[in-house]
C-alpha cells in the first residue's frame, strides 16, 4: 500500500483535484475573463444539440477507426521483425522508433512544409511517379488532408506499438516455440497460438494507448488544417480549445471535455476487460 | 464498479470545491479602479513587469533596454508571450491575482477585457497628455469602453499595399504611380503577370483568415462601410447588401480566376506569407508594413519594394489599425511605474525609432518632413493611420481569426467557389449569430 | 511441460520466420535449418532495410532541409538546392536565439521527470503486482484516468492550483506535472513487468541461502530493467516534446523549454514561420532523444541466467 501511495498522491493532487474543479467549472458559464454564474447541467444539454460538437465527435471516431488498425498491425509486424537480436535488428528498431522520438508536433510542422502545392516534397515526389498533380493542395481538402494526417500518424505511432509488443515478445520462453516446432507447427500457428495469447497484456496496453491517443488528437490537426476546411477536420479536443480560448466559453468547453473523459474511460475499460489476462494475473504453483 | 467509484470520488471532490469556489466567485468587479494620486507615473521606483507579444519582440527588447539604461530607480522586466496564447495567459494571470504591471495586448482583444473591468481606468491620465488628439484613433477606439479609456496605443502594425517597382518597370508601368483603385490593381497585376518566368501579378495568403481580415477590410472602410454597425452590446451585422464588401470580394475572385496569383496561395496559411514577394516574384501584395520590413534587406526598401495605402474600390484609402495597446491590469503591483514607462515610450524620441524596429508609430504628429525623408515607407503607413480603423467588437476572434469562422467561410465561397450571393448570406447569418450569442 | 503462466527469458536467439536459430552451430537442429534460415535471414534483411528506409526518408529529408536557407526551403525541391547547403539555420538558432539555453532547460526537466517517474512507477507497479489490498483496483483505475484526460480541459484549474502552491513558473513544478502525467504509462508498464516475473526465482534463491534483498536486486533486476528503461525513455520523450503544459505554466522567457522556443520562432502578426530554423531546431531536439534511446538499447536485450528454473 505504501508503495503505491506516492503515485496515488501525485495523481490525486495534480489530476483528480483539478478534474473535480473542472467538473465544477463545467456546471457554470465560466468565461475566460470576468465573473461567472452557476448554471447546473445546462452546458451538457446544450452539448448534445450542438451540431459542431457532434460533428467533432463523429470525426474523431472516424479518425480513430481508420488509424488504430494500421498502427497495430504495422507495429506488430515490425515487432516480429526486430524481436530477435540479430544483426541489423538494433538499426531497424531505431529506424522504426525514430518518428515517435521526434514527436508529432514537430513532424506536423515538417509535413506542413512538404504538403504545400508546388513547393512541397510530397507533390514533387507524387507528381514524378504520376500519382498526383504537382499543385495538389493537401491541407485544404477534407479527403486529402485526412489521408495525409492518417499516414503521418501511423508512421509516428507504430514505433511505440512495436516497442511495447516487442518487450512482451521477448519474455515468452523459447521452449514453447521449440515444442511447437517439434510438433510441426507453421509460422502462423505459432504466432496465433503461442505469441498472441501470451501477449494479451501488452496488446491491451498498446491498444489502449493508441486509442486514447487518437481520441485526444490535437496537434497534428491544429498545425496542418486548423480544423478546416470550415470545421470538417476538427477533432473533439480542438473543439474544446476553440470553445475555451477563442470563444472564451470555458464552462461550456469544459463540459465537452468531461464528456470526452467519460467516453474514453468507458472505451478503455471495455478494452482492458476484453483483453484481460486472468490466468497470468497471479502466479501460483 | 470501477467507473462508479471514479465518478463518486470526483463528485465528492466537486462538492467539496463548491464551497471553496463559491467564496471566490466574482473575480473582477464591473468598476475598475482609477489612479487618483497626483504623483502617478512620476518618479516611480521598483520593478515593472511588462508582458509584450513576441510579435513585437525587436521593438520591446530595444525599448526596455534603453529605458533600463536611463532609469536607474525603475527597471522594466520584459516577458514575451506566445503568439496564440497571449490572451489566455493574461486572463489566467488576472484570475490568479498575479498579473503583470503593464501588458502590450493585441488591440483587437482589448474589448473583451475592458468590458469586464480588468484594466485601470486611465482617462484622467490620458487627458493630461499634450498629444492626446494625435494618438491613433483606431487604437484609442479599441481601448474605449462606455466613454472611458482603459489603455493607450503602444505600436501600430498597419496594412499597406506593397508593390515591386522593378517588376512595374519591366511591365511598362510607372513605378511611381501605384494603383489607387481596384480596377488599377487588376490591370497592373495583369500586366505583370504577362512577364512569365514564374512571376505573378498578385499574391495573398489564401488560407489565412487573419491575414485576409487584415488586408481586405481596409478597402471596405475606404469606401465608408463597415461590417458591423452599432456599439458593443447592440451591434448588428452589415454584410448582406454591403456593396463595398462585394466589390472587395469580386476583386479577389477576379484575381483568382484569372490566375494572377500563384496556385499555392490557396494553401498559404500565413506561415510563409510574403516570402514569394520578398524573393522578387510578385508584382503586388497587400500586406503588413512590419511584415515585409522583417523579410527584406533595408537597401531593398524604396528601391525594389515600395508601399502605398490600401485603396478602396474607387479611390480613398484606409488601413487596419493592428498592433498593440498598453494596458495596466487593475491588480498590478506597480501601476505608477507602468504609467511612467508608457509615457516614456510615447515620447517622440522613442516613436522615431519605431520604423527601424519594424513598427509604425502611434502618434500622427510624428509624421514630420524629416520623418518622411528618413522613413518613406513607414511614412506612407503613418499617413494612412489617420484614416485607420479596427473593428471594435467582442466577437473579432470568433468572426475573423477562428478556424471555421464566418469571415473565412464567406471569403472561400465567394472567391474560390464563385458564389457571391451564398457567400454574403453565409456571412450575414454567421456574424449575426455570433453577435447575438455575445450580447449579455 | 512448463506452465504457461511462468515466462522465462532465455539467452537463445529467436527467429521469427519459422526456424528457430541457435547460437550453437554444432546443434544438429541448427545445421538442418541453416539453408532455410539463410533465405529467411536474407528476406529479413531486405524487408527490414526497405522498411527502415521508408521510415527514415522523411527525417533524412528534413535534416537535409535544415541545412538550406529558409528562402530555398519554401520553394519546390530541386537537386541544385544541395549546392546551397549552409549552417546558417544552426548558427542563427544558437547565437541569435539562444537555443542551447532552452535545450538545457528541457534537459533538466526531462531528466528530473524521467528519474522521478521511474522511481514512483516502479514502486507502484511492484505494489500493484505483488499485493492485493482493498481498493487496489480503484486506485489503479484512478491512476489510469490520468491518461484519458485532454490537457486543455485541466489547464485553468491546474494553473490556479499550481499557482497557489507556488509551482508555476519554475522547472521543478513542471517536472512534477510531467511526472504525474507519465505515471499511468509507467505504472502500467511496471505492473506488467512485475507480473511477468517468475517469483519462484526469488524463492529458489532464498532456499539457496541468499538474503532477501540481495535476491531481489540481483535476480529481479535484469528482469525488471527493460520495463524501467521503457518507462524512463517514455517519460523523457514526453517531457522533451511537450509544450502545452510548458506554455501554460512557464511565464519567464529564460525558463522556456525547447518546444516553446521553437514555437516562438514564429514571427510576424500572423505567425510566419522560418522553416529553416524550425527544421534545424527539430534536428537539435532529436539528438538527445536518439542518444538516450541508443544508450538504453542494451537494457532491451534480455539476458538472464538461462536455465535456472527448469520445468
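Read from first to last, the chains carry the letters A, B and C; within each, the first residue is number 1.
Just so it is clear, a residue touches a chain if its C-beta (ideal position, glycine included) is under 8 Å from a C-beta of that chain, and two chains touch if they have at least 3 such contacts.
Computed from a predicted model, the values in this text were never measured in an experiment.
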Chain whose Cα centroid lies at the greatest distance from that of chain A: B
Central chain (distance from its CA mean to the mean of all protein CA atoms): A
Rounded Å distance, chain A centre to chain C centre (Cα mean): 16
Chain A-chain B separation of Cα centroids, rounded to whole Å: 37
Centre-to-centre distance between chain C and chain B (centres being mean Cα positions), rounded to whole Å: 42
Overlap residues in chain C, where contacts from two or more other chains coincide: 74, 141-142, 145, 156, 160, 273, 275
Junction residues of chain B - those touching two or more other chains: 2-3, 6, 9, 85, 95, 271-272
Residues of chain A engaged with two or more neighbouring chains: 16-17, 19, 21, 116, 118-119, 265, 269
Of all residues in chain B, those that touch chain C in their complex: 1-3, 5-6, 9, 54-55, 57, 78-80, 82-85, 89, 92-93, 95-96, 98, 157, 205, 208, 210-211, 214, 270-275, 278-279, 288, 290-291, 294, 322
For the chain A and chain B complex, residues of the former touching the latter: 16-17, 19-21, 23-24, 32-36, 112, 115-119, 135, 137-140, 225-231, 234, 242, 245-248, 265-266, 269
Touching residues (chain side chain C, partner chain B) in the complex: 70-71, 74, 137-138, 141-142, 145, 155-156, 159-160, 163-164, 247-248, 251-253, 260, 263-264, 266-273, 275
Residues of chain B touching chain A in the complex: 2-3, 6, 9-14, 16-18, 21, 25-28, 85, 87-88, 91, 94-95, 112-113, 115-116, 118, 207, 262-264, 266-269, 271-272, 397-398, 401-404, 409, 412
Contact set on chain A toward chain C in their complex: 1-4, 6-8, 10-19, 21-22, 25, 78, 80-103, 105-107, 109-110, 113-114, 116, 118-121, 124, 155, 159, 163-164, 166-168, 170-179, 181, 186-187, 198, 201-202, 205, 208-209, 212, 215-216, 218, 236-237, 240-241, 244, 250, 253-254, 257-258, 260-261, 264-265, 268-269, 279-281, 283-285
